[in-house]
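The letters A, B, C and D name the chains in turn, as written, and every chain counts its residues from 1.
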Amino acid sequence: MFIQFITTGGTIDKIYFDALSQFEVGESQLKHILNEGLVEFEYDIVPMLQKDSLEMTDEDREQLYEFIAKGDSNRFVITHGTDTMPQTADKLAGLSDKTIVLTGALTPARFRTTDAVFNVGMAVAAAQVCDPGVYIAMSGQVFPAGEVRKNREENRFEKLP
Amino acid sequence: MFIQFITTGGTIDKIYFDALSQFEVGESQLKHILNEGLVEFEYDIVPMLQKDSLEMTDEDREQLYEFIAKGDSNRFVITHGTDTMPQTADKLAGLSDKTIVLTGALTPARFRTTDAVFNVGMAVAAAQVCDPGVYIAMSGQVFPAGEVRKNREENRFEKLP
Amino acid sequence: MFIQFITTGGTIDKIYFDALSQFEVGESQLKHILNEGLVEFEYDIVPMLQKDSLEMTDEDREQLYEFIAKGDSNRFVITHGTDTMPQTADKLAGLSDKTIVLTGALTPARFRTTDAVFNVGMAVAAAQVCDPGVYIAMSGQVFPAGEVRKNREENRFEKLP
Amino acid sequence: MFIQFITTGGTIDKIYFDALSQFEVGESQLKHILNEGLVEFEYDIVPMLQKDSLEMTDEDREQLYEFIAKGDSNRFVITHGTDTMPQTADKLAGLSDKTIVLTGALTPARFRTTDAVFNVGMAVAAAQVCDPGVYIAMSGQVFPAGEVRKNREENRFEKLP
């Protein structure tokens, strides 16, 4: 079993710089999360972007689409900012012969209490057992692309009504 | 979506008592893990046993089997010690109309670095997207019951050769 | 032994709100830190301010001064933002019959890796063993007020040259 | 400012080996704790023993005594098991021209919640501000050697009555 990971930034990788009193996307924590999960399958991580997902452009999504379309792997896990995760999932929905799972976090992975580890665990499981298609793994659930939205007020992902 | 959780003990829930310099199975950490994962689905947790899995008896496994057989839910996640997890999975394999996922941890959930959170994340995803059957979610992988063993020397779960 | 704690905000108590993608001063983590430290002395915590220390005013410092001057305790630990911690220490330097220790953190206490716990440990020790006076406990060191500055570029506290 | 650290084992450095379902003294976590504390002073760490303190012998204590007596430094912090920490402190009490602080933990440093970081923070502060002598930094307090005991039932250090 092989999974191709792609990191694009988002809250999951945010870091706090005291020198600036700012909070920015830092180096990906994905490798640390997989090490902590004691995973024993083959994988590769491609750091593609380091952006807040509100700043992702059509070109960014096109680049992601092309990378996956041309990739040899059948299983992809993408870490992504939460605000436009459904939008990116929709864009990738045409790639129907691969299993693609997007995940991220509502609280940075560098926090003592974070949903990042749990979410990546879900995404890794979904990438290996789901039929080909595009999914979002957040809020304890695996949603098919096109059927999910982020509810900002409630700070959760939920089924489209 | 509803998941019935059952806790049975194991390394995932081990705690260290300095007063005795001993390491024993303590209260389950599962609720904390689900809170940290910011899960938003309905669930219930039944604490059934608090045992090292080497001490699980046939009666314990029978009790677990009966509880699941009579349960209303179609999705079960069981936290379990790692040493006899495959044996319990085999016992439950007859319950083929429900999706049952066993998981646990090689390092206690109370540790700063632990596979517990990642593993429960995998189990929760598998319980909702896998076909009915019995599975083990460990070492970054979702294994069907009967096709997996714990390799103690390498401290990992792996496919049966 | 009794220590009076006063919390005023700063990086030590910062929290990340995904809904706004902002990083603000949240509820104080001090009680959690003292619980984790398994402390067994008597203490009280007064939450006085919840501010980034760059926003602290002369009135805020006057309020802090008055509170300590009128207080019954001889030992005070103040959690404080790092940017103006030396300035507040200077203001309190007149209160020479009490032992007053300011501390804080360069990384929020809610992070998995943070200097907050270590720093509060230092401050608690200094408050009970130092002679009356005002001190800053940061960067692994206990500095007398008036002899220390924050070096923003190096992200550390250091002796004045 | 320079501090000489000496590690001797104890609960602070305990690790859990799932392969054996045992809990043993592992590599010292002290370097990680000092890194997390963002300390900026000069120091050196000597790993002298890796023992449960109940297994410490008179020879071990003699070795520790000799090392400190011959050392150039005036400030020592010793991480030590809690059960015989007061006994070792008494043994070192003759070394009255140096400041020597013993500390450790009631819960292993590898745990998510541990008193280890707080305690080392206290010890580092005490080593630099206390008069020459031997001290124990535990349970949120800095005790002079000879005036302190471990209360096993209450799982804390306390003043001798």
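Rule of thumb we're sticking to: a residue touches a chain if its C-beta (ideal position, glycine included) is under 8 Å from a C-beta of that chain, and two chains touch if they have at least 3 such contacts.
Everything quoted here is computed from the prediction, not taken from an experiment.
Chemist: Could you work out which chain's C-alpha centre is the most distant one from the centre of chain A?
Modeler: D
Chemist: Between chain C and chain D, what is the gap in Å from one C-alpha centre to the other?
Modeler: Using C-alpha averages as centres, the distance is 25 Å.
Chemist: Rounded to a whole Å, what is the gap between the Cα centroids of chain B and chain C?
Modeler: 43
Chemist: Roughly how far is chain B from chain D, centre to centre by C-alpha average, rounded to an integer in Å?
Modeler: Chain centroid spacing, chain B to chain D, equals 37 Å.
Chemist: Which residues does chain B have that touch at least 2 chains other than itself?
Modeler: 106-107, 112-114, 155
Chemist: So which chains end up touching which?
Modeler: Once each pair is checked, the touching ones are A-B, A-C, B-D, C-D.
Chemist: Sort out for me which residues of chain C touch chain A in the complex.
Modeler: 11, 14, 16, 18-19, 21-23, 52, 54, 82-83, 106-108, 110-114, 152-153, 155
Chemist: Residues of chain A touching chain B in their complex?
Modeler: So the residues of chain A touching chain B come out as 1, 33-34, 36-41, 106-107, 113-115, 117-126, 128-130, 137, 139-142, 155-158.
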